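Note that subunit A is present in both complexes that follow, paired respectively with subunit B and with subunit C.
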Partner chain A sequence: MRVELHNICKRFGSVQANDDVSLIVEAGSIHGLLGENGAGKSTLVKILSGFMTREQGSLQLEGHEVNIKTPADAMQRGIGMLHQDPLDFPPLSVLDNFMVGQPGGLFTHRREVIRKFRQLAVQFNFALDIRQPVGDLTVGERQQVEILRLLSLGVKTLILDEPTTGISASQKDALFAAARLLASQGKSVIFVSHKLEDVDELCDRVTVMRQGRVVGNLPIPAPDAQLIELIFGEELAPPAKNSTCQEGVALALENITIRSDRLNIQVNHLTVQQGEVIGLAGLEGSGQQLLLQLCAGLLQSSTGCLQIKGIDLTRQPYQTYLNTGVGYSPADRLREGLVNGLSIHEHVALKTSSQGWFVDWKGTLKQAQTAISLFNIRGKPDTKVERLSGGNQQRTQLALLPVPLNLLLMEHPTRGLDIGSTLWVWQQLLARCEGGTTILFTSSDLDEIMQYSDRVIVFSGGELSEPIDAKKLTVERLGQMIGGKLHYDSPVMAKRSTKHPAKR
Partner chain B sequence: MISKISISRFNVYQVGSLVIALAFIAGVILMVGGSPLAVVTSMGAGAFGTTDQFARVVATLAPLLLCASGLLFTFTAGLYNLGIEGQIVLGGIAAMIPIRLFQEILPAPLVIAMAITAGALGGMLWGLLAGILKVYGRIDEIFAGVGLNFMADGLALYLIFGPWKKPGVASMSGTEQFSEAIWLPTFGKTEASPVALVIALSLLLLTFIVLRGTYFGLKLKAVGHSLRASYILGIPALSQLLSAFALCGAFAGIAGSLQVLAVFHRLIPSISSNLGYLALLIAMLSGSQAWLLLPIAFFFSALNIGSLQLPLSLDLESSLSGVIQGTLVLFALLGRGFSELNKSDLNKTVNH
Partner chain C sequence: MDTSQIISILSVAIATSTPLVFATLGETITERAGVINLSAEGTILLSAMVGFAVAKTTEGLGTVPSLLLGFGAAALTGAAIALIVAFGALTLMQSQVSIGFVLTLLGADLSSFLGNPFVRIPGPTVPSFKVPVLQDIPVFGPLLFQSDLLVYISFLLILLTWLFFYCTRPGLMLRAIGEQPAAAFVRGTNVVFMRYFYTLLGGALVGIAGAAFSLDFKAGWSHRHTAGYGWIALAIVIFGGWNPLRVALSCYLFGILQSLASVAQSTIPNVPTQVITVAPFVMMILFLVLTSSEWLEKLLKLLPPRIGWAIAQSIHSKPPAALGRVFQQD
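Right after this comes the complex of A and B.
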């Protein structure tokens, strides 16, 4: 089905998520939608599939103007979306999930549905057991169930939102084969991704988005360099920081494995010096957060060992990490970093809890006032943290970090802060580095990574690169690595990218 | 400035909800053919008319205060301890053990002290069980509590009809009364015991101090607001949860033991008399403010006793007091909910 979106606009608060976006997808084609996190890809496809409403612009299917307001509207017109996180019913069986949303009267026709399911599964070469609860399946298999369900409902345009994160290579091959089969049947596929490799391999055409706008529309194959420039835009700031590295190893990881629902992370060997700043780059959810939580003691490695300042902390409880001088500052300030419902004063008081039974409310009030003036927090001691602005929550979080610290782990230290506050936060952080604190931080702002890191580790889909000296990084190399080519200059990877010569 | 505004808004909603609740109650009374004014005077007379009636109000106050104080710990930790009824029953059962063993041998004051301690331990055990099911078994504390309530009732019935049955024939009226020496002293010939009242008031004071002035109370509050954030900030969140259950259980257990020692002088099948559920309403209505517990508990206790007069004087069901209590709590919670809702709306507009 031919899909046209014209001049779509959508705003969330002060963020223009889609700014006059137009996209045309031909029937029988696979169309890539490429861009960084927050570029507006997901918003656009959610508008097309009825999960969000547009503020301006129009939709045309097969040349006819349509108005899609709900997911049911979209399904009725043949648009189905496979969500990044499976939107299914984990406790129900594969068959029940498949039957959800099927048209019909009061009673279900199980036998007929089973026949239909098997027929579709064979066609796409998916091996699925209809009785298994969906919650027991891998993400890749859950995608397969969802694709079959959407197809049985008569989908003519299939949207795949970041479908290749967290699935195995063979599942990816099966998924791509299915997408090609659908295109050959005259259906259209919209493939939302941030992975150059996948877009290269699968798509016929690609539209690149950046900061809510369409910045390019080209046929595939297209030169990587050109795509990267489109995705990341202008030149990056050069590294500006003088090294704060000191003698002595602060953090040593050996043969670490972290398992989570979507990603498995393997770190063979990593040592970080005292006072060093390591930036963890990559699209969100590529595994940076898992590494930080491992170093914080909130996740455990199933193998290997972890040392902080020479002390073996492998499989030690979280409290031991805290006692060893490890600080963790999460990105989700109101759910993890601060206690929603407590005031600044109460937070400061909590920090003094090793001092006997009774809280010294007067003394801690003075401490809270000192922290507020020292960290420029716009709030009063009795202000509840959820009433502070994002920047002031971040300042509060910084004010609560213990002194001294050996290792500081920060997620998005300056997200949502203005330029002045950002500079101020980094002044504080670098002053700590001078004092010997090691910092590992994640950021989706590449400029920030380049500016403040001594070395950079790039994450992509759970894989991580060797640490690279920030001074040796170029925007092109960083962009390529984030896009999935972690070892792009090594011969091993060169072989892999020629694996599908048919498409090239 | 902002906090001033929010306080007055909060009050507007609280007072507003009270007015609506009273109107609703009046409506209900009119519907069943009564006169609201007559009901008020009749209940007042029923609660405060004679010293005997007033003494019964005081007698009910002690266990209510104990349970509501205990529940403040679990509410502060963000838990709905519906198992409080079972914890009262276990307190009553546990109190019977030293009484049965030592009432002939040891001096009475010592036996009484042992019975109250045993009651506290029994209630604590039952509370901890609910906590363990919640923390390690991932069973919602509401279901764990209700399940344990049934088990506690079953255990009491088994004891009354089995090992502890009256000589001769077992009956629903409970075990045999124990010797009068071990009864808690009361005001005159009434049910009200000064000892029970003193224990309840001192534990209320303790609750107030712990929640307001100690690190334990502050940490409990943090855990109640966000388990995850508290854990990351280094608070041993799980042991805090378990302590809240244990404390609440112990308070309820003491209430159970006092019911045995001061009111019934034996173990009966429904020793808790639904006081635990009533205490839940009181704790909810107080909004976790310990100092509010005393007036609210007193008021509810008076409602309970006063309503017993209704069938005699006005030919109305005494269960009207339940309707009044429930209505008050529901509307108070609604009022609180609305004031929160509008506060967050206000925030949104301020931020943009």
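Right after this comes the complex of A and C.
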């Protein structure tokens, strides 16, 4: 089915997620939608599938103007979407999941449904046990159930939102084969991804988005360099930081394994100097946060060892990490960083209450006032933290970090901050580095990573690169690595990596 | 004690569990849709009072019409309270627990205040009705088919609820809504509307439970006439793992334990009464602790895998994943 979106606009608060976006997908084709995290790809397809409502713009199917307001509208017109996080019912069986929302009479005619399911599953070569709860399946298998369900409903346009994250290579092959089969039947497929190689392999055409706008529309194959330039912009800010590295190893990781629901992370060997700043680049959810949480003592590795300032902290409790001078500042300030409903003063008191039953309110008030003036927080001691602006919440969070620190772990230190606050925050952080604090931080802003890091580690799908000197990075190289080609080697790197095993 | 005595004790226990069956099935339906209506205690009290009052005032129309009006009024009362819960929880998106709790207190006090003129006066009651033919089946006849119409309706309700949950499309969608409302929305359901509907339906059933007390199994009205049963109903829903059959069986188990307790009082008089009356509750708590702990897993591992799996399936239960959580689209 030919799908046209014209001049779509959608705003979330102060963020313009889609700004006058237009997209045309031909029938019988696989159309890639490429871009960084937060480029607006998901928003656009969610509008097409009725999951979100648009503020402006129009939709046309087969040349006819349509109005899609709910997923039911979209389904009825043959548009189905496979969501990035499986939207299914974990305790229900594969068969039940397949049946939920199927039209028909009052009773579910199981036998007939099973026949239909098997028929479709065979056609696409999916091996699924209909009685198993989907909660026990892998992400890839859950996608397969969902795809079969959408097809059974007569979908003519299938949207795949980041489908290759967290699935195995063979599942990916099966998925791509299914997409090609659908295209050959005259259906259209919209493939949303941040992975260059997947788009290269599968799509006929690609539309690139950046910061809520369409920045390019090319036939595939297209040169990688051109695509990367479109995704990330033309140039990165040059590294601006003077090295603050000092003698002495602050953090050493050896043979670490971190497991989470979707990712397995393996760090063979990593050492970080005192005073060094390491930027963790990559799309969100590629494992950066897991590494920070491991270093903070919130996650434990099943193997290997972790040392901070030469002290072995492997499998030690969180309290020991705190005593060793580790600070962690999470991205979600109001959920993990600060306590909703408490004032700045109460936060200071929380931090200092260590001895005795009673809070020394007079003493903590003084401390709170000092913190407010020192960190330039726009608020009073009795201002509740949720009343503060994002920037001031970040300042409060910084004010609450203990001094001195050996290791500071920060997620998105300047997300949602204006330029002034950003500069101020980094001034504070770099001052800490001068004093010997090591910083590991994540950011979705590549400029920020380039500007403030000594070395950069790139994450992609749970794999991480060797730390790379920020001065040696280029847009192209970063783009390639973030897009999944972690071992893309410039000639200089190639020499290095051959040297590396010899060193061991 | 001979067989006929045991059967008569059991049959009374099963019949007197009937109001709880209505209340727990109603609450199960509501909670399966993802809404927790904590007001059951207040709803049962108020609807028991309203049901009795309406049946009493319309007694002149004859027993059957007055009873029908009484039950209808009780169902409406339950649905009205559920509507407050639904509006607060689904439209205003406030805490379901606090709304339900406040309504519990309100319902209880309102029933005492408004029910004052009806305290301790005789009123219409559901007449007994023995099912022809079926009542003559040995054991089962006297056990199940020698009480009254309300009891038979409750049997039918159990069966219908179970069929609805596991054999029909809307029932499947109901289970889905309580599990992952966003996914149900994607499949084309109006989640908020359906939650309203099932909250009201469940509330009406809890209301009928109230009238089942005041017009049948605990006929009449007095202050705090049905105190405690609402809370028990909420506990039984958890105990029954949100599965209509298990919930109903739990009601009967509770009823049987209660009547055994009263038998025990006369047969072993040196045990203090309090111990016996508390026993059913203690047993329920023990069971809940056992089934939700890891000991059970370890115990089941000792059994052959097939049997262990079957037992685990029938005992294990998880609340609907979205129970009590707000769903906001877009």
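Following the convention adopted for this analysis, the second predicted complex is superposed on the first by the 489 of 504 C-alpha atoms of A that agree within 3 Å, B and C clash if a C-alpha of one lies under 4 Å from a C-alpha of the other, contacts with A are read in each partner's own complex, and residues count from 1 in each chain.
By our rule, a residue touches a chain if its C-beta (ideal position, glycine included) is under 8 Å from a C-beta of that chain, and two chains touch if they have at least 3 such contacts.
As the structure is a prediction and not an experimental result, all values here were calculated from the model.
**Q** Overlaying on subunit A: subunit B and subunit C, fit or clash?
**A** By the criteria stated at the top, subunit C and subunit B clash after superposition.
**Q** If we overlay the two complexes on their shared chain A, which of subunit B and subunit C does A:D96 touch? Say first, second, both or neither.
**A** second
**Q** In the overlaid three-chain picture, which partner chain does A:F124 touch, first (subunit B) or second (subunit C), both, or neither?
**A** Once the two structures are laid over each other on A, A:F124 reaches no partner at all.
**Q** Pick one for A:T108: touches subunit B only (first), subunit C only (second), both, or neither.
**A** second
**Q** Who does A:N340 touch here: subunit B (first), subunit C (second), both, or neither?
**A** The answer is first: A:N340 touches subunit B but not subunit C.
**Q** Contact-wise, after the overlay, does A:L298 reach subunit B, subunit C, both or neither (first, second, both, neither)?
**A** first
**Q** Would you check which partner chain A:Q319 touches, where first means subunit B only, second means subunit C only, and both and neither mean what they say?
**A** Touch partner of A:Q319: subunit B, not subunit C.
**Q** Regarding the shared-chain residue A:R387, is it in contact with subunit B (first), subunit C (second), both, or neither?
**A** Touch status of A:R387: first partner only.
**Q** I need the one stretch of subunit B that runs into subunit C once the two models are overlaid. Options are 55-63, 145-153, 199-207 or 343-351.
**A** 145-153
**Q** Per the definitions at the top, what is the overlap between the subunit A residues touching subunit B and those touching subunit C?
**A** On subunit A, no residue contacts both subunit B in one structure and subunit C in the other.
**Q** Over in the complex, which subunit A residues touch subunit B? Could you list them?
**A** 13, 298, 318-319, 322, 328, 330, 335-342, 346, 349-350, 353, 356-359, 361, 382, 387, 389, 400
**Q** Within the complex, which stretch of subunit A touches subunit C?
**A** Subunit A reaches subunit C through residues 49, 51-53, 70-72, 75, 81, 83, 87-92, 96, 99-102, 104-108.
**Q** If we count contacts the way the header does, which residues on subunit B are in touch with subunit A in the complex?
**A** These residues of subunit B touch subunit A: 2-3, 213-216, 218-219, 221-222, 225-226, 228-236, 347, 351-352.
**Q** Can you tell me which positions in subunit C touch subunit A when the two form their complex?
**A** Those in contact with subunit A are residues 167-170, 172-173, 175-176, 179-180, 182-189, 318, 321, 330.
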